[in-house]
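Report on the structure given below.
By letter and in written order, the chains are A, B, C and D; residue numbering begins at 1 in each of them.
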């Protein structure tokens, strides 16, 4: 059922302009090789959903002009500081932000996962996050008395896109405790995944691996991409390339620096991927 | 005692706020609160569980990114730490932007989980190492999460203390105001007034924030420093002189 | 944090009369040794919640007079047919039934897991399930127009009780893909677990096992109970004792037969457990 | 063809209803629907995925008991099977009780997932091997799930066919009525009328339910029988003579 594709270029070709795409935070491997391919292809007008935040991969896409909306609880490069292209784009008014708070993103995805019209959640009332989200509503808790509660509508991305450690030949993808990837895959219409390696074992047949595996039913297309999360970490395979990320954070502080980074690291990298 | 560093005083003071709790969670990029939670655990055994996001050794969650928030919603997290680019006198916090949010003068990462955790975690400790009129303001430009809520809003949690590089404030929920609780060694009540942009209460007598005793200091510089180095190697090197692994 | 108890009797002593207890369906191992101990202790007035159904363990408890409410989507002995003591009790009016449909049970538990006041779900409208559940409400979907949707309040059991394959010495419990046990443990105030064996490994330290592990934070108390799910199956350890279950289904058709079963299999089994 | 068994006819007829679908799920205790889904997969490759609850080889779910329902709610299940202790002429099904539900004359296991799946799965196939006036009634005593809903109720799914040991009904959603589609070999239109407790439409000409051709029969008795034996050993032994594993 899962399309096994030969390259990240082939995967990137699946993402049309204007798609609503869910991506993981930087502590979960991002599909950076795929995103570099998408930038080379020139994808435009993405609506990025951070689950519940995003970092390097989103900042890169914003800097490259691929994003029109950032729906997320935060954008951060972690120890490397503020996400410079996101910050610049917000200040320049060139992207729309839909600020959230982490559990609201999960609540929306869980409503989509369940096929429910919305989730309810505590918190948020009296915040400017809520005041600026006209797509969220305050309703009365029918089980309480004078008890307002926030309703978060189902958040169904067109695509969930992430990198994982391994998949089998049927397209089952092991994510271990990085369970936000499973939630994203359940909630999204389509899921595109890159993996460090494709293994011969059936990941579902053994319950020990099955417990951390997204069944291929939810995985639309998949490609092997060794070092596919670089410069982010893939636990058990490689650590984050912190020197590179620090260099990114420095260069991306200016448009010129970012363009140099883009030319060297993304546009000039095609042969390597 | 001149060799005691500010971070060590803060770690000791925060650890005191955590005594007797069952489960303290610490967000990413929070080395001082993380060390304080580890110290509280090391000192007394009264905080049996510390969850540090981003840690390998102190993060037991197995249900993905949502579990921290679910856990808090279940009432299983007793204390958490939040900060703010701005914090105002009603304990509103701003993690988003200065000026019009659509064309801001400054933009910060975003609210993270504050729009939920500030409401449901009983002891939220506000932590801000830059104590100036720029950060501690009369009214925040953007409310990521309010300090107090209307009586009909579900709010089992909220602000407990605010600790800065100059002093410690208690938060008076009923009055929705901060109260100066202690001033760190080397700082003065007058200096706090000059550098704070919001109104707050000052008792007749304001003590100095206690510094850690020798035993506590040994714990901070020994096991706590070693544990925090796993998560925050740069911090551990700068404050405790622990060399980073190659 | 988890109390490591020496016996199922010690675990059973934790369950007070009148407790609301969530139990798994028969395809997930039930804590039958613990329930036999609870029956010997004479627990009364349990409110049993089937997640989303229950079978042998609940029928046994009902027959032994320990249950006053059955909140469940079904009660079945699977291939061994109707649950005879449940059926008899409902016909005699000696227990209260709160009939549900499977995803409504999950929806209620997920609301409790999330700390949300309620979940919404599709379906149910026009059914007698809904008509008879005055604790559920129909509300307007604020994101739709003339769009009724069912609100299921948070379902927070006092206890989740089940059997699992292994736990470590910190009280982390491995359930593999039997993830309903994790949902129950997150949703319940307290969780009591029996396991086939306690292992020396740290189940959280290795991500492969962590992916199927309930952290000890949620596990109130635990005891090792070899064959603790008997006569139900524990995958990887033993199959269901179908001869015994068939005999149960036959004997339990009458009150006299059930009392004989109880005397032989439950009351007379103390020494063995 | 006299050696063709009723179960084989039903398996063949149901498999025909599944052609072209992407994902068919089968509940527990459903050997004939399970075999039909496996046959549809074996025949055409047009049903790439079959989920059989209780199966080891044909159950790929990894998110606990809720996943089947979530999956259906996401629109990822095209067909499912339901039954009823009673089924009425508007396709209401009763899996709960006869008489007053609080003091019933008969009590059945319960509604399982029907109160949800009947609403959201596009093709729900009703399957009832006892075709009598006791089971196919004018009005069910308890509605586990209704056959049709008011226009404002979210209802992408619902009844598609009703197959019994005597015949096959189509369900006319607009008219909220069953229509006799075919009569199994050896049964008659008159016999159906005598044994059905609800009103339904009868076209001028009612064909006989087709029996599986030789190739299909070979598939049923070969690979399908072997696969279904993993899940339903007693059924496979009775119908196909496959000895149960010791």
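By our rule, contacts are C-beta pairs under 8 Å (C-beta built on N, C-alpha and C of every residue); 3 or more make two chains touch, one makes a residue touch a chain.
Labels paired with UniProt names: A, B, C, D = CoA synthetase.
What you are looking at is a predicted structure, and each value in this text was computed from that prediction instead of being measured.
Counting only chains that touch, the fewest steps needed to get from chain A (CoA synthetase) to chain D (CoA synthetase) is 1. Hopping across touching chains, the smallest step count from chain A (CoA synthetase) to chain C (CoA synthetase) is 1.
Remark: among chain pairs B-C and C-D, C-D carries the greater number of C-beta contacts. For the pair chain B (CoA synthetase) and chain C (CoA synthetase), the distance between mean C-alpha positions equals 40 Å. The mean-CA centres of chain A (CoA synthetase) and chain B (CoA synthetase) are about 29 angstrom from one another, to the nearest whole unit. Between chain B (CoA synthetase) and chain D (CoA synthetase), the centres computed from C-alpha atoms are 59 Å apart. Counting partner chains per residue, chain A (CoA synthetase) has residues 103, 110, 114-117, 121-122, 147, 149, 177, 179, 182, 210-212 touching two or more of them.
Within chain B (CoA synthetase), residues 61-63, 66, 69-70, 73, 120, 154 each touch two or more of the remaining chains.
Per the touch definition, chain B (CoA synthetase) reaches chain C (CoA synthetase) in the complex via residues 22-23, 48-49, 60-63, 66, 69-76, 120, 154.
Residue ranges of chain A (CoA synthetase) in contact with chain B (CoA synthetase), taken from their complex: 24-25, 27-28, 51-53, 72-76, 78-79, 82-83, 86-87, 90-91, 93, 97, 99-104, 106, 110, 121-132, 146-149, 177-183. Of all residues in chain B (CoA synthetase), only 28-29, 54, 61-67, 69-70, 73, 95-97, 101-120, 142-146, 149-150, 152-154, 234 touch chain A (CoA synthetase) in the complex they form. Taken in their complex, chain A (CoA synthetase) has these residues touching chain D (CoA synthetase): 1, 112-117, 172, 182, 186-187, 204, 210-218.
Residue ranges of chain A (CoA synthetase) in contact with chain C (CoA synthetase), taken from their complex: 103, 107, 110-111, 114-122, 137, 139, 141-144, 147, 149, 151, 153, 175-177, 179, 207-212, 235-236.
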